[in-house]
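As C-alpha cells, here come the structures.
Shared chain: chain A. Partners: chain B in the first complex, chain C in the second.
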Partner chain A sequence: MGFFQRMMVLDRRIVFVLIAVAVVTPLFIPFRLKMHPTPASRGLYDSVRRLPRGSTVIISGEYDPGTAPEIQPMMIGALKQCFRKGLKVILMGLWPQGPALEEQALQEVFQEREFKEMGLRYGQDYVNLGFKSGGGAVIQSMGTSIPVAFPTDMTGTPLGKLPLMEGVHNLSDVAFVLDFSAGDPGTPAWVMFAHDRFHVPMAAGCTAVSAPMLYPYLQTKQLSGLLGGLKGAADYEWLTKSPGKGMQYLPSQSVAHLVIVIFIILGNIAFFVTKRKGER
Partner chain B sequence: MRREIPLFITATTGVIFIIAYFIPHRPVNQIQQLFLAWLYIIAAFAIILGVLNLLLVNGDKIYKQSKGWGYSVIIILSFLVMAGIGTFNLGGRATSPLEEGTSFMWLFYNVYYPLSSTVFALLAFFVASASFRAFRARNKEAALLLVAAFFVMLGRVPIGNYLTSWIPLKWLQLSTIANWIMAYPNMAAQRAIMIGIALGIISTSLRLILGIEKSYLGGE
Partner chain C sequence: MSTDIGVWIAALLTLGILSFLYKDNPFYKVAESIFIGVSAAYWFVYMIYNVIKPNLYENLQAGHWWYAPAGILGVMMLFRLIPKVGWLSRWAIAFMIGTGAGFNFILYLQSNVMKQMRGTLAPLNSLGNVIMIVGVVTGLIYFFFSAEHKGLLGGAAKVGIWFIMVSFGASFGYTVMARVSLLIGRMHFLFSDWLGLLH
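Take a look at the complex of A and B:
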C-alpha cells in the first residue's frame, strides 16, 4: 500500500493526536505572532473609544462555558475599555449562563491593579441585571421601560435603589450596546430591536462560526464593529493594549488551522492520486 | 368557538405588535408591554415543561433499565442537586444564590463550566477529522468551497500573515484575501439567505394573523 492509499484510510485517532499536539504545544512553548486587526475589530474598538465619558453602555452576554474561550476575552476587553473610558456599564444576558460569566469577567478585571485602584463601585459604575428569558421580546420591552423588563438586578436589588439606573429608563437613555453572543437569541435580535427600532448604535462579538452570518449588518452599518472568534478577541486585546487569553490562545488556533489545512491538502492529493490509479 | 377564540387572540396580538412597531406611543405601547409581560410568564412555564420532560424521559429509561440508563441517573441527580441548591440557596450565607461565593455558583464554576467546555472542545477533533475525510474537491462547487476555506482558515489567523507577509502586493496576502471573501462573497450569500428567511417569516406570520394557517391549534 502506497503513501497516498494509506492516507485515504488513515486512522482518525492519528488526526486527533496531531490536533492535540498542535493545540497544546503553543500553550507550553508560547510564541508571539504579529497582530493585524481586521477592519471589523477596529470598528468596535473605535466605536467605544469615541463615546463621551460618563455615557451608559449595555453589555449583553449570550454565551455559555462552551463558547467562553472565544467570547470571555472579548467581554474582559470590553469591560477594561469601558472602565478606562469612564463609561457606566449595565451588564445583562439573554442566555441563563451569560450573567454568571460576566461576573467572572468582572472578577478577573478587578484583580488587575489598574482597575482595583479605580475604586469602581457596584450600583454606581456598573450593575448586573442578570438573565431574562424571552429573547427579542426582552429587548423590545427595554425599549419602552428597562425597569419593566428587569424590575431587579441579578441579586434581587430593585433598580430604583441603584444610582446608575437613575437616569436610565429605556434604551433611548443608553449610548451604546455591546452584544457578545454565541447564538440565538443574540446579535440579530439586538440589531432588529435595539438598533433598528430604538436607534441605539451597537457593535458585537461572536464565535468564529457565527461571524459570517453577521457580516451583512456590518456592511449596512447596523453594526459599527464585529469581533469574530478568538482572532477577534485577540485583535481587541491588542487594540486595547491588554494582552490576555485571546492573544495567548491564538497561536494554538493558528497552528491547529495550519494542521487542518495540511490534512485537507494531503487528503485531496491522496483522493486524486488514488482516483487516477483506479481509472488506469 | 374552540377555534374562533384562539384565532381571534392570535390576530389581535399580531396586529397590535405590528402597530406598536410603527407607533411607539400610548396606548399601543402600553398594551404591547402588557403582552410582553404575559410572554415572560409563558416562557417561564416552558421551564416547567422542560423539567417535566427531562424527568419523564429519563425516569422512564431508569424504570425500564434501557441502554445507558446509568447516564439518566446522573442527569436526574445532577438536576436535583443544582435545582435544590439554587432554589433553596443551600450552603450559602448570601441573600441570592447567584452571588459570588455561594454553593450554587461554586458548582457552576467548578462543575458545569469545565464539563460544558470539555464537551464543546471535543468538536475541534471531530471537525479536523471530518475535514480530512469529507472535504474533497469532487466537483467545481466543492473545489470553490475548498479554495475559500483554505484562504479563510489561514487568512483569519496570524500565521496566514506570517506565511505571506513577504509578498509585496498586499492584496495577494492571505489576510487581505480572507477579509475580502468575508466582506463580499460571504456577505452577499448571507444576505440572500437572510432575505429568504425574512420573506418566509413574513408570509408565515401573515398566514397566522389572517387565520389561514391553523395547524398550531392542533387537531385536523
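Take a look at the complex of A and C:
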C-alpha cells in the first residue's frame, strides 16, 4: 500500500495524537509569535483608549466555564485597560455564570502589584450587578432605568447605596458598553437595544465560532471593535501590554492549525491521486 | 501535583471525556452521565433561585398580583407532561412566541436588515466594496427560485455559490479555531493545575 493509499485509510486516532502533541509542545517549549493586531481588535482598544477619564463603562459577560479559555483573557484585558484609564466599571451578565467569572477575572487582576497599588474600591471604582434573566428585555429595561432592572448588586446591596451608581440612572449615563459573549443572549441583543435603540457606543469580544456572525456589525459601525476568539484575546493583550493566557495559548493554536492544514492538503492530494489510479 | 480534591475530580472527568477519542468506554459513560446529571441539577437550582424567586415569588409576596398570570402560564407549560391537558401548554407557548416576535420584530428589522442593507450600499471605490456587493447580489440570486437558474441568472447563481462556500469555509475555520482553543484550555489545566508541570 502506497503513502497516499495509507493516508486514505489513516486511523483518525493518529490525527488526534498529532493534534494533542501540536497543542501541548508549545506550552512546554514556548516561542513568541510576531503579533499583528487586526483592525477589529485595534478598534476595540482605541475605543476604550479614547474615553475620557472617569467615564462609566458597562462590561457584560455572557459566557461560561466552557468558553472561558477564549473569553476570560479578553475580560481580564478589558478590566486592566479600564482601570488604568481611570474608568468606572459596571460589571453584569446575561448568562448566570458570567458575573462569577467576572469576579474571578477581578481577583486575577488585583493579584498584580500595579492594580493592588491603585487601591480600587468596590462601589466606588467598580460594581458587579450580577446576573439577570431576560436577555434583550433586561437591556431594554436598563435603557429606561438601571435600578429597575437591577434593584441590587450581586451581594444584595441596593444600587442607591453604591457611590458609583449615583449619577447612573439609565443607559444614557453610560459612555461605552463592552460585551463579551459566547452565544445568545449576547452581542446581537446589546447591538439591537443598547446601540441601535439607546445609541450607546459599544464593542464586543466573542468566541471564534460567533465571530463570522458578528463581523457584519463592524462594517455598519454598530460595533466599533471586535475581538474574535483566542487571536482577538492575544491581540488585546499585546495592545494593552499585558501578556496573559491569550498570548501564551496562541503558539499552540498556530501549531495545531498548521497540522490541520497539512492534513487537509495531504488528504486532498491523496484523494485525487487514489481516484486517478482507480480510474486507470 | 495538585492536592485539591476538586482539581483531581475535574482532571479525571476531563480524561474520562477525552478517552472517547480512543473508543467508547465505561470511563467516558460515567463522565458523560455525571456531566448531564450535574448540569441538570445546577440549572434547576439556579433557575429557582435566580429566575423564579426574584422575578415571580418575591413580586407576588410584595403584593404585585399582576405577576400571577406569568406564573400561571409557567405552570401551564408543565401541563405538557400530562397528555390529557397537554393542549394547555400551547397557550403558554403561543404567548411566548407572540410576545417574543412582537418584542424583537422591529428591532431585528432595524438592526439586522435595514442597517445591513444600508451598509451594503457602499460606493464602488475599493476592491473590498466591489467584492462585498457582488457577493451580496449573487448570493441573493442563488436563493431566488422564481426563475430557472439558466443563462445570466444561472451564471450569477454559480458565482453566488462560490461566495457562500467561502463564507462556510470561513465559519468552519473559526469553528476549528474555537474548538482548538478549548482543547488548549483543558490541556493547560491538566498540565498546570493538576500535574503542576506548567506555570
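Everything below uses one rule, namely that the second predicted complex is superposed on the first by the 280 of 280 C-alpha atoms of A that agree within 3 Å, B and C clash if a C-alpha of one lies under 4 Å from a C-alpha of the other, contacts with A are read in each partner's own complex, and residues count from 1 in each chain.
The rule is simple: a contact is a pair of C-beta atoms (placed from the backbone, for glycine too) under 8 Å apart; a residue touches a chain by one contact, two chains touch by 3 or more.
Bear in mind the structure is a predicted one, so any value in this text is a computation, not a measurement.
J.: Can A:H257 be said to touch chain B (first), chain C (second), both, or neither?
T.: Touch status of A:H257: both partners.
J.: Which holds for A:I19: it touches chain B only (first), chain C only (second), both, or neither?
T.: both
J.: A:N268 in the overlay: touching chain B, chain C, both, or neither? Say first, second, both or neither.
T.: Only chain B; A:N268 stays clear of chain C.
J.: A:A137 contacts which: chain B (first), chain C (second), both, neither?
T.: Both: A:A137 reaches chain B and chain C.
J.: Touch test for A:R42: chain B only (first), chain C only (second), both, or neither?
T.: In the superposed model, A:R42 contacts neither chain B nor chain C.
J.: Could you tell me if A:L27 is touching chain B, chain C, both of them or neither one (first, second, both, neither)?
T.: It touches chain C, and chain B stays clear.
J.: Is A:T207 touching the first partner chain B, the second partner chain C, both, or neither of them?
T.: second
J.: After lining up the shared chain so the two structures overlap, which partner does A:E103 touch, if you call chain B first and chain C second: first, second, both or neither?
T.: Once the two structures are laid over each other on A, A:E103 reaches chain B alone.
J.: Of chain B and chain C, which one touches more residues of chain A?
T.: It is B that touches the greater number of chain A residues.
J.: Given the touch rule stated above, what does A:V191 touch, chain B (first), chain C (second), both, or neither?
T.: After superposition on chain A, A:V191 lies in contact with chain C alone.
J.: Counting contacts the way the document defines them, which residues of chain A are shared by the two interfaces, the one with chain B and the one with chain C?
T.: 16, 19-20, 23, 66-69, 133, 137, 197, 208, 211-212, 216, 219, 228-229, 231, 253, 256-257, 260
J.: Inside the complex, what are the residues of chain C that reach chain A?
T.: Counting only chain C, the residues touching chain A are 21-22, 46, 50-51, 55, 103-104, 107-108, 110-112, 115-116, 118-119, 132, 167, 170-171, 174-178, 180-188, 191, 197-198.
J.: Spell out the residues on chain B that touch chain A in their complex, using ranges where they run on.
T.: Within the complex, chain B contacts chain A at residues 21, 24, 29, 32-33, 36-37, 39-40, 43-44, 46-47, 94-96, 98-100, 105, 108-109, 112-114, 116-117, 119-120, 124-125, 127-129, 131-133, 135-137, 146, 149-150, 153-154, 156-162, 165, 175, 179, 182-183, 186-187, 190-191, 194.
J.: Once bound in the complex, which stretches of chain A touch chain C?
T.: Residues 13, 16, 19-20, 23-24, 27-28, 66-70, 96, 131, 133, 136-137, 188, 191-193, 195-197, 207-209, 211-212, 216, 219-220, 222, 228-231, 245, 248-249, 252-253, 256-257, 260 of chain A touch chain C in their complex.
J.: Which residues of chain A touch chain B in the complex?
T.: 10, 12, 15-16, 19-20, 23, 33-36, 38-39, 64-69, 97, 99-100, 103-104, 107, 130, 132-134, 137-138, 140-141, 143-145, 148-149, 154-156, 197, 208, 211-213, 215-216, 218-219, 228-229, 231, 234, 250-251, 253-261, 263-268, 271
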